[in-house]
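What follows is a pair of complexes built around subunit A, which joins subunit B in one and subunit C in the other.
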Partner chain A sequence: METVGIWCGAILTLAIFSFLYKDNPVYKACEAIFIGVSAGYYAIVYFFDSIYKKFWLGAVTADQPEEWLFGGAILGVLFLTRLFPKISWVARWPLAFIVGATAGLYMVNYFVTNAMNQVASTITDVIARGDAGDINWIQSFGTLVILVGVITGLMYFFFSKEHKGAFGGGAKVGIWFLMVTFGASFGYTVMSRMSLLIGRMDFLLGDWLGLIN
Partner chain B sequence: MLNTIATVILLLMGLSLIYVLYLTIKGRPVERRIVFLYIGFGVMLPLLMKMTPPLPITSDVQRLYDHIITLPPGSKVLCAFDYDPPSAPELHPMAVAFVKYAFKHNLKLIIMGLWPQGPQQANMAIAAALEDPAVALFPHEQGVDWVNLGFQSGNEFVILSMGSEFKRMFPRDTRLIPYDSIALLKNVVNFSNIDFIMNFGAGYPGTKEWVQIGVDRFKAKLGAGNTAVQATEVYPYLSSGQIVGLLGGMSGAAEFEKVLGEKGKATTFLLAQMFGHATVMAFVIIGNVAFLVLGRKKKDAAGNN
Partner chain C sequence: MKNLFNMSRFKIVFTVCVLLSLYSFVNAQAPAVTTVGITPPAPVTELTAVDTDNDHGHSITVKWTPSADDGAGANNVLGYRVMRSNSFEGPFNDTVGVVPLGSTNFENSSSIEEGAEGFIPDNTDFYYRVDALTGDSLVFSSSEVTGPVHSYGQWFNKGLIPVFFAVIIFTALTVLFVSAARKGKELYVRPLAGIEAVDDAIGRATEMGRPILYVFGLGVASDIATIASFTILSRVAKRVAEYQTNLIVPCYDPIIMTVAQDIVKTAYMDAGRPNDYKEDAVFFITQAQFAYVGAVNGIMIRELPATNIYMGKFYAESLMLAETGVVSGSIQIAGTDEIAQIPFFVVACDYTLIGEELFAASAYLGREPLLLGSLKAQDYAKAAVLVLALLGILAVNFSGDLGLTWLVNFKDWFKVID
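And then the complex of A and B:
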């Protein structure tokens, strides 16, 4: 059975690679299979883990049922009213609940994590010292770069003053910091995409052809 | 044999790039399928080679290692597998290395996933770790040394709810055994009973959500393993001390294997990635040289007219 699975995987992988030559019906068929299988897998996992394992066993068949789970189940069922045009407006209620709860959660947590704690970590002594009290030049340089990057980056996004003279110069330095950040991000993205290809190659050469362990 | 053939072909490929450069300068650029072919072979052939790339350990990985070695035997580690098969080439090797370390040092693994495929990936990582005879010698009984609580929908709200009680989100493990009947989970109520959280994340929900709620709200200690795409977004949390260490992409995975003394797939994959990058860089250089030369020729031609 495992051999059949490996062969299916290998054939489907090669069929997806065939797009690199040109678009073709085999690629289209594999694309449809991938979407169908993914949707099916998600449906089964959500049903088993959420509806059966948590709700059914926890609220319906349990000796001490957790009644609060019925609230979630009712909200979930209300989503299905979208399928019936006359009462589709009811689906807005669970949606409003989700949006409200998410906004409430993020209002505090996101601000603390991504604003306050990040700002706090930026405000440090520019001159960093080691355990023996000596100056750590590398760390100090790093702190200085962060300081300059933060200030000039903020200057670039300050549009209430024309970007001219010393202020314009600072904003230009800020652009350079942004470009370096975007470049690093793009480089990492290329690295990640390359990893996907490596994973497939490893499967073809190892699991399928048995050329590598 | 394969090693030699792969090395020779790669050398020939490198030399043939000079011809590609010559063609491009002459105004006859190779078509994109040839570029794909170069990338394909550039990634595939190193997988057949036995070479180990030079790999210095970065401070991000060292910091994670320095933290996990302080965990005494019997420590309870919550392991969140928040990734799916497409991200596995980067995250699976680091997960396997971590599971091996955990079994060898008697760390108790409590596995969960905010991604539907996460717990399945965890089972595969455990199976891969136990294929190593040196790891299989150590205790690895399910329910005692490790437990897989499965997937739970709800994204960051799952983490929030776990802050008060794990059992509310995971009343049973993947074998449908009730939470209270699992030996490993006795006395584990919430994050205050967890010594360390290790998150393998490929996006949303993932490390950012664990930092926001698990770390900043419930004061848990968190280490992260991320795909390279995700890593740039997570680095600020490392410098601010919100996470103890970071394994970023394939290189992070390979460094983690090296620092743990485990030779896994990431080390081999890294060689393939290096050759893949070298090929991309070669084509970037070829494209730019051709652009400059052809641009100058066009300028000269316009001047003569």
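And then the complex of A and C:
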């Protein structure tokens, strides 16, 4: 059975890789299998996790039912009114509830991570000193670079002021900082993608063909 | 011989039992156990256990003064073991945590889910004891027992008071600017190249007779990036309707699909072409990340859209989509607030809205007072962050020299205990 699984995995991997050459019937078939299987899988997972395990066992048949789950079930049913054109507007209520509740919940987190923590992290000793009280020039320079990056980066994200003159110059420095950061992030992520490719090659050459241990 | 053997085995078993009983008795009576070479350390003192403040319950914080032999004296303490029991007399068999030497506290917390591993029920009394451990597992000193203590949740998290004030100020600013915008005050939003290019891209698609592909990414309807993307889709759909071009919106999330269908339909009606609206322009694919990517890539290669617009929440699929778009020769405009994915869009797309530019774009296009007002309030909040950070740096670096000691801890004003 394991051998069948390995062969299926290898053939499907090669079929997906064939897209690198050009679109072809094998890739199309593989794509359709992938989409069909995943859509079916998630339909079953959501049904059993949400409707059966969470709602049915938690609210309907449980010894101590969690009544608030009926609230979610009612919102879910309201969403199905989209199927009936005359009352399809009712489906906007559960949507409004989801968006509103999530926005409210995230608001505090956004303030903490994007405002309070940013301010607290930026406030630091610009002139770093060693144990003997002497100035650590390299560390001080690093702190200064971060400080300039934060200030000019924030300037770039001002939308109600035109980027002209000194302000525009600051914003331009800010976008340079952003691009350098993105470059570093790009390189880092490309390396992690390479490790994924190596993993696939390891599967093909090792598990499937047995050419490497 | 057989009897002798049996007798001998009986003696051995008997002796072992006696020794084990003795050990058990000694261990129960005397917390400090001695073996050759290592003497028991001094026990921890001033042991207290209280409910953890500012939380949802299910957590007890244990504090103590370290052993006199922790880094000093006999210097033989390697760590501390926190033990818990349901009664003062014990037995303290439940090891809830082990912390290294130098530690003075331990937070014994659990999930709120009943039945989870180590679950701590609220309003249930517990007793704690802390053992000072040495290199020999048999040599340790136990503290006095503290308790009873029980956990309970608080209605308010006092650690978030700074956030409370920040939210109040920000809300006031938003209300102020929204009402100003509603009264007709012109609120300036600087042009965004990526959004300015949308009209040109739709025109190009019309001239080429090819469709426009609009991708929301992997977000859900409640993501702020997705909400901003809805506004942009509305503008794009209206232009598409006016130019009588085709629009393709493959969706990852079924709720997004239903909202997008409403938006596109309304846009066609606003453009005066309700009959041109096609129900299947917006459709659901799957909720598996890479299956979705495979399908969208297939659409790009087969339908050859003139313009690909990626607006919303994107993860690892960003580069796969944008690379395929380059191969199919499409103009590409992207926008996301996922910092890790922006670099991929920057290298592979013609225009990229970076982070908050995506939110600004929705205000810029929509020109709705609510969006413009909140954008203006955000700018003021950013200005406040900038000023406070600069003031803080000055305070931290120079307040001591200037004798303004109350400013030295300026940074702490922004510390949030979550």
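Operating definition for what follows: the second predicted complex is superposed on the first by the 174 of 213 C-alpha atoms of A that agree within 3 Å, B and C clash if a C-alpha of one lies under 4 Å from a C-alpha of the other, contacts with A are read in each partner's own complex, and residues count from 1 in each chain.
Following the convention adopted for this analysis, contacts are C-beta pairs under 8 Å (C-beta built on N, C-alpha and C of every residue); 3 or more make two chains touch, one makes a residue touch a chain.
As the structure is a prediction and not an experimental result, all values here were calculated from the model.
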Combined model on subunit A where subunit B meets subunit C, clash or fit: clash
Partner chain(s) touched by A:42 [first = subunit B, second = subunit C, both, neither]: both
Partner chain(s) touched by A:87 [first = subunit B, second = subunit C, both, neither]: neither
Partner chain in contact with A:160 - subunit B first, subunit C second, else both or neither: second
A:34 touches, of subunit B and subunit C: first, second, both or neither? second
Partner chain in contact with A:112 - subunit B first, subunit C second, else both or neither: both
Subunit B versus subunit C as contact partner of A:194, first or second or both or neither: first
Chain touching more of subunit A, residue-wise (subunit B, subunit C): C
Which of subunit B and subunit C A:145 touches, first, second, both or neither: neither
Touched partner set for A:77, first subunit B, second subunit C, both or neither: neither
Which superposed partner A:124 touches (first subunit B, second subunit C, both, neither): second
Against subunit C, colliding segment of subunit B, chosen among 3-11, 183-191, 255-263 or 291-299: 183-191
Set of subunit A residues, in rising order, touched by both subunit B and subunit C: 41-42, 101, 112, 117-118, 120, 185, 189
Interfacial residue positions of subunit A with respect to subunit C in the complex: 16, 19, 23, 27-28, 30-31, 34-35, 37-39, 41-42, 79, 82, 91, 95, 98-99, 101-103, 106-108, 111-112, 115-120, 122-127, 147, 150-151, 154, 157-163, 178-179, 182-183, 185-186, 189, 193
Subunit A-touching residues of subunit B, taken from the complex the two chains share: 2, 33, 36, 39-40, 43-44, 47-48, 86, 88-90, 116-117, 150-153, 156-157, 160, 171-172, 176, 208, 211-213, 215-217, 227-229, 231-232, 236-237, 239-242, 248-251, 265, 268-269, 272-273, 276-277, 280
Of subunit C, residues touching subunit A in the complex: 160, 162-163, 166-167, 170, 187-190, 221-222, 224, 227, 255, 258-259, 285-288, 290-292, 294-295, 297-298, 301-302, 319, 339-340, 342-344, 346-347, 354-357, 360, 363-364, 375-376, 378-379, 381-383, 385-386, 388-390, 392-393, 395-397, 410-411, 414-416, 418
In the complex with subunit B, residue positions of subunit A that touch it: 20-21, 41-42, 45-46, 49-50, 53-54, 57-58, 101, 105, 109-110, 112-114, 117-118, 120-121, 146, 181, 184-185, 188-192, 194-199, 201-202, 205-206, 211-212
